[in-house]
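For reference, the structures are reproduced in the following blocks.
Each of the next two complexes has subunit A plus one other chain: subunit B in the first, subunit C in the second.
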Partner chain A sequence: MRRCLASLPVVLLGGCAGNQSPLAPASDQAFALHSLFVLMMVVCGGVYLLVIAGVVWSLLSARSRRGTNTVPASERGLGRGLYVAAAAIVIGLTVLIVGSFLADRALVAARSEAAMIVRVTGHQWWWRIEYRDPASGRWIETANELHLPVGRTARVELASADVIHSFWVPNVSGKIDMIPGRRNIVDLTPRRLGWFRGQCAEFCGTQHAHMAFDIKVDSQADFDAWLARQNAVVEAAVSNTSSRGAAVFQRVCGSCHSVRGTPAAGRAGPDLTHFADRRSIAAGTLPMSRGAIQGWLAQPQALKPGTSMPAVPLLPADADAVASYLETMR
Partner chain B sequence: MTPDRAHLERLDRIWRDPPGLWGFLTTVDHKRIAARYIVTALLLMFLAGMLALDMRWQLSVPENTRMTPQLFNESFSLHGSTMLFLVSVPIMEAMALWLVPLMLGARNMAFPRLGAFSFWLYFGGVLTLWIAHAIDVTPDLGWFEYPPLSGPAYSPGHRADIWAQMITFTEVAALAASVNVAATILKMRPPGMTLARMPVFLWAMLIASIMTILSMPAIMLVTSMLISDRLVSTQFFSVAAGGDNVLFQHLFWFFGHPEVYIIFVPATGFISSIIETFSRRPLFGHSALVLAILSIGALAFGLWVHHMFAVGLPRLGNDFYTAASMAIAVPAGLQIFCWTASIWAGPTTFPTPMLWVLGFLATFVIGGLSGVMTASAALDLQLTDTYFIVAHLHYVLVGGAMFPLFGAFCYWYPKATGRLMSERWGRLAFALIVGGFNLGFFPMHILGLMGMPRRVYTYPAGMGWETLNQVATAGSVIAVAGGMVFVANALWSYWRGKPSGADPWGGSTLEWASASPPPAWNIAFTPVVESLTPMWNDGRPLKAMDGLENDRREVLITSVTGGGPLYRQKSAAPSIWPLVAALAVSAMFIASIFTPWAIPAGALPIGAALTGWFWPNRPRAKIGPFEAKP
Partner chain C sequence: MGAPLLILTALAACSNEAREVGPSLPQTPPVGNMDPRIAAYRANLYQVSQGGRYFTWYGCSSCHGDGAPGAANLADGRWQHGGGFADVYRAIAAHRPEPSYAGTIPVEQLWQVTAYVRDLPTHYPEKRRRVSLDQKGEPQGSRWSGPQ
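Right, the complex of A and B next:
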C-alpha cells in the first residue's frame, strides 16, 4: 500500500513530461536514469510518510501526557527504537547506493561498442556540431541541431571554445559539462523517434537562457539522407554568387559565418551552409521563418541582448536580399 | 541566591560601556556586538528577499522582457552571495556570539575585542557589496563565479573583484568569530560543566566553529587566486598557460559544502534547546545527538565532489562521493528520531518556538530526501542545475536553518528584550511563512523535472512551465507577507510586549539564570553545574561559586575536558582599536581590487592598528581563590 502511495507522485509527474524532461526517457541512458528516479521516489516518499507519521504520533502522545504527571517513558524502549531507525536508514541507503551504482554503469554500458562520433562544442551562446563523415573522415559541420539515428550509439565528444557550458537533453542524456581544456564524452543510444529539446545547464554569461538546441532522432535511412545532404554544398548558394544577397552576405557576414563552397569562410559564428534546414535561429531564440530571419538581421541585440551577432547596418533592400539568400540554404 | 546590592553596583561600574557614541564604537559587550550582527543580517535578508521577489515576478510569465538578462543575472548573484555569505553564516555566528557566554554563565567571550573586530569587518564586507550594487558594479556571475567566465578574458571591469573581496571580508570576519566561539566554549565553561554535561547547543556551536576554521581557508585561497589572475596576471585558471578551471571548483566546494552544514549544525542546536525546554525533560539521546553532529562535521569534508558530478571526473570516485553524501542521512535521520522521541516522551507544549520546530521537521525532511536523490552521481546528472536543485537547496537552507532560526528568535526574544512576543501574531507569521514557502518552492521540484534549468532570465512559451512558475511566485509573495508580520510582531513586542521575567519558558540551560535582558556583566555569580540541565538540576537549586573579583573585568578560565577552575583572566575593556584595525583592513581589501600595491602599502596602517590594539598594559591572569557556595 505504501509503495502504491509513494509511487503516486511518479504517476502524477508523468503527466508533466514533455520534450525537455527526464520523465519521458527516449534513450537507453535516460531510461536507466528514469528507473533510478522511480526507485528514489518510492524509497524517499515512503521515508517521508514514515517520518510525518512519527511526528504526528509524538504530537498525540505529548498531548496525552499533558496535565498528567507521567513518569518519563522508559529510555530503554526509545534506545531500541534508535537502533531500529539506524538499521532502517542504513538498509534504505544501501539499496539506493547500489541502485545509483548500477544506473551509473548503465550510462557507459555502450562504451565498448563501436559508435558514431559527433563533436559538440559550446560557444557563448550557441552550439557547434560536427559529424565525422564515415567515408572521407572529414568533419561535417552544422550548428544548434543534432540529428541522431535511432537504435545506434552516438559518442558525443564535448568541448568548449570559451567558458564552461553543460550539454543537457533530458529526454536523451543527463548533463555533462563542456570545460575549456578538457574533453568529456557521453554515449547516447536513442530509442524513440522525434524532436527533443536541449539547453545549456551551466551558467555561461548574459545569454545563458538562450542557449538551446534541438535533437532529432531519425530512422537510420532518414539520418543517412540528412547527413549526406549536410555534407553536400548548397548548389543554389554556390551558383548564385552574382545575386545581390550573396554579394552582401560575403562582404558583411562572411568574416564570421561560413557557407561551404562560397568565399564566406568565417569561423567565429555558426556555420550557415544548411541554415534554412534548421528549426530555429540563434540557438533556440526564434523559430525559423522569413520574418524571424529579417528581425534577427535587423535587431539581434534586442532579441538576444549581449549576443556576439552585431546589428549590421544594412539598407532595407540589402537586408531583404540577404534574407532571401539565406532562405535558399536548404 | 541573591547577591548584595554593593556587589551588583560594582559589577555595573566595571562592566558598563561608556555612554553615547564613544560607547557604541568601543563596546566589546558580546550582546551588543551580536545584536548588531543579527540586525544587519536580518536587514540584508529582507533586501535579498526583495531581489528574489523581483526574479519571481520576472519568471511568472514566459518571454518576459521586464528584466534585462544583465539585471536578472545581477539579481540572482547578489541574492545568493548575500544570503549565503552575509546572512546565513554570520547570523548563526551571531547567535553563538550572543548566547554562548550566557549559556556558560560567563561574563563575556574569550576574546571580546576580536568579537568587535569581527563585526566591523563583516560590516565592511556588507558595505562593499551593497555600495557596489548602488553604484552599479554588481557582481553578475552567480554566488560561485566559476572561471574562465569570471577570469580577466570574459569579465573585464570590477564586478568579479567586488565579489571576490566581499568573500575575503566575510571569511576573515567568520574566522575571527569562530576562533572566539571555540575558545570560549572550550576554556570558559562554568565549573562542573564537563564535556559530557555540555548542552547540545554548545556542541553544535563548537563543531560549526571548528568546521568554519577548517573550511574557510579554502575559499579565501581560491578567491585570492582568482583575484591575482585578474590583477597581476597569474595563470591559475588559464587553460592556455597550463592552469585548470576544475581546481577552482574543487577548492570552492571544499568550502561550499561544509558551509551548508556550518549553517545547518547551529540550527540543530536551536532545535535541541527548544525541544528540551518545551518537552520538560532532558533531551532523549543526548550522546546520540552529539555524535550525530560530530559525524556530520567530519563527513561534511568528504563529499564536496557531489557538486561536481557533471564535470566528468572518474566514475569510481563519483561513486565514493555518492556513498559519502548519502551517509549524511544516517546522523541526520538519527537526529530527527531523537527530537521526535523527545517530543513523544514529554508533556510537550507547542507555543510559537515549537511550531517552528514542527515546520522545520515537515520541511527539512523533504530537503534531506531530495538531497539523497541528488547525492546519486547518476541521477544528479538529470537534477543538477535545474529548478529541482533550487527547490532542494531552499528546503535545506530555509526549512533546515531559517525555520529553526525563526524559532530560536521567538524562543530567546524574551531573554534579549525582557518581553514576550505575541503568540497570536507569531502563529499567523508561522502559518504564512511555512505555507507560502512550501507553496512557493515545492512546485520548483516539478519544474526541474519538467526540464527548467536554473539561472535563466526567461523561458520560451509552450514549455508547460507557466502555471507552476505562477504558483511559485504566489507562494513567495505569501511568505514575504509572513515575514512582514514576523518583523512587525518583533518590533511591536519590543515596546508593548508582556514583560517576561528572567525565565518565561522554564528553560533548562544557564542563560535563563540571567536577568532579561541580561545586564552588561551577564550574571552576578559563577554557576556550578551538576547536570545536563542545570536550571532543572533534578529539582535542586543552582549552586554558585564565588571568587571572581568585582573591581576589574574578570572571567573564569576552566579546563577543557573537566570544566575545573584553572585561573581568573582579565577580560578586555572597551577599546577603539578593533574598529580602527577593521577600517585599516577594509581599506587594504578594497584598494587591492585596483592595485597590487595596496597590499604592502596597506600593511602599514594595519600594523599600526594592531600595535595599538595589543599594547601591553595589563596584568594577564590570576589564580584562585575559588570557593563553591550553595
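Right, the complex of A and C next:
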C-alpha cells in the first residue's frame, strides 16, 4: 500500500509529458514560458523550504527550553533572522520580476521578423483556419488542423465568430483569448517536428471540451507540399458510389460546407476540401475513419449534443455514398 | 428575504430556454398547426435564437433584412400563406424564388427558422439591434469572408 502511494506522484507526473503539455516545449515562445515556470518553481520552492526550516527550528528550540521557564536574554538572533528573511524576499521577488520581464520580451521578440500569416477563427465548436497563398494572395481555408513549418515564425491572427474562445496549444503557445469584434495576435516559432494538440481554453458552451484541434510541425519542404496540396481542388470522384455521394453532398451539405472546385460553397460550417487528409473529425471529437464519418452523418447530436451539425435524414444508400465521397477527398 | 425570492424568480426564467439535447429531434415537417411538437419550438428562446443564427447563415437577411419592402418584410405580422406554424414552415420549405429549401436545409433547422420567423413581428427595435450586434461575427450567406 505504502509503495502504491509512493508511486502515485510518479504516475501523476507522467501526465505532464506528451503532446498536450507545457512541460515539453516545442517552440521559442513555449521555451520562454517553460523557463519562467522553472524559475518560479526554484524561487518559490526555495522560499517554501526556508519557511519550513524556520518553523522546525523554532519548534525544536522551544522544546529544548521546555520546563526551564526562562526568557532568552537577548532577541538579537531573532532580529538578525528577520533581516535575512526580508532580504531573501526582496531578492526572490526581484529575480521573479526580472525573469517575468525577460520572458515577456521573448514572447514579443519574434514580431519584427517577416512572418507567415495564419488566420484562426473560433466557432461553436470548431476552428476555421486560413493561410494566405504565397503566389496569389488568396486565402486557403481548412479546419481543425494547423500546420506550421519548423524554425519559421508564424503570426496567428485570432478572431471569434460567436462567443469568447481561447487558443491554447500547451507545447507551442500560451493561452490567447479569441474575442468577438477583436483580432488578437500571437507569434509562434516552432522548433520541434511532430504532432501536438490544441484545445479551447475558455468555456464556450456545452461542447467546449470537444473543441480541440491538431497541430503539425513540418519541415519547410513538407509544409510547402502540404499547402500546395490544400490549395489544389479535389480530384474528381473515381467510383460510381462516390460520384453519387458528390451529387448528394452538393445538394444537402453544400448549403453549409464548401468543397473548392464544386458547387458546394456554404460558409457556415467547416470547409471540407481535402477532408480525408485530416486526422480527426468534428474538432477532435472522433478519429478519422469510415465508421466515424458514417456515425457523424447519421446522428451528430448523439455524438456531440448541441453541435450545429444537424441530423440529416438521408437514405442509407445516400449516406453510404456521401461517406465514401468524403473518404476519397484527399 | 428579498434575495432568495429574486434567485427563485431568476431560476424560473430559465425554463424559457429549456431544451433537450440528444438524438430525439424532429425529423419530419409539422403535420399541422396543432402538431404537439410545435410547443417546444414556438416560444422557446433557445430554438428561436438558433433559428435566427441559421437565418443569418443561409443569407435570408439579404432579402428579408430590417425594413425589407412589401412581401419580403417578415416583421409586419402579415402572412401571405397563413401565420400558423405549419403554414410558415411550408412557405419556407417550398420557398419559390430559390431552389426549394426543403431539399437543402435539414428538417430540424427549418423548425428553428420557422420559430424565429414567427417571432419576428414581436421584436421591438432594441431587441433587433441587440440580435444583429450578437450575430455580427457570424457567417452570412455564401460570400462571407471572416468575422471582420
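Quick notes on this structure:
Assume the second predicted complex is superposed on the first by the 290 of 330 C-alpha atoms of A that agree within 3 Å, B and C clash if a C-alpha of one lies under 4 Å from a C-alpha of the other, contacts with A are read in each partner's own complex, and residues count from 1 in each chain.
Criterion: a residue touches a chain if its C-beta (ideal position, glycine included) is under 8 Å from a C-beta of that chain, and two chains touch if they have at least 3 such contacts.
Note that this is a predicted model, so its numbers are computed, not measured.
Of the two partner chains placed around the shared chain by superposition, subunit C is the only one that A:161 touches, whereas subunit B remains out of contact. Shared-chain residue A:18: touches subunit B; no touch with subunit C. When both complexes are overlaid on chain A, the residue A:291 reaches neither subunit B nor subunit C. By the touch criterion defined above, A:119 lies against subunit C but remains apart from subunit B after alignment on the C-alpha atoms of chain A. Shared-chain residue A:206: touches subunit B and subunit C both.
Once the two structures are overlaid, the count of subunit A residues touched is higher for B than for its counterpart among subunit B and subunit C. With both structures placed on the common chain, the touch criterion links A:305 to subunit B and to subunit C.
Of the two partner chains placed by superposition, A:134 touches none, neither subunit B nor subunit C.
Of the two partner chains, neither subunit B nor subunit C is touched by A:263. Contacts of A:180 after superposition on the shared chain: both subunit B and subunit C are touched.
On subunit A, the surface touched by subunit B in one complex and the surface touched by subunit C in the other have residues 162, 180-181, 206, 305-306 in common.
Contacts from subunit A toward subunit C in the complex involve residues 119, 121, 130, 139, 159-162, 180-181, 183, 206, 251-252, 254-256, 265-268, 299, 301-302, 305-306, 308, 310-313.
Of all the residues in subunit C, the ones that touch subunit A in their complex are 21-23, 25, 27, 53, 57-58, 103-109, 136-148. Of all residues in subunit A, those touching subunit B in their complex are 13, 16-18, 20-23, 30, 32-33, 36-37, 40-41, 44, 47-48, 51-52, 54-55, 57-59, 61-62, 65-68, 70, 72-73, 75, 78-79, 81-82, 85-86, 89-90, 93, 96-97, 99-101, 103-104, 106-108, 162-164, 166, 168, 170, 173-177, 179-182, 184-185, 197, 199-209, 212, 284, 305-306. On the subunit B side of its complex with subunit A, the touching residues are 68-70, 73, 141-142, 146, 148-149, 154, 239, 244-246, 279, 281, 284-285, 288, 310-312, 315, 318-319, 322-323, 326-327, 329-330, 333-334, 336-338, 340-341, 343-350, 358, 361-362, 365-366, 369-370, 372-373, 376-382, 384-386, 446, 449-451, 453-460, 463-464.
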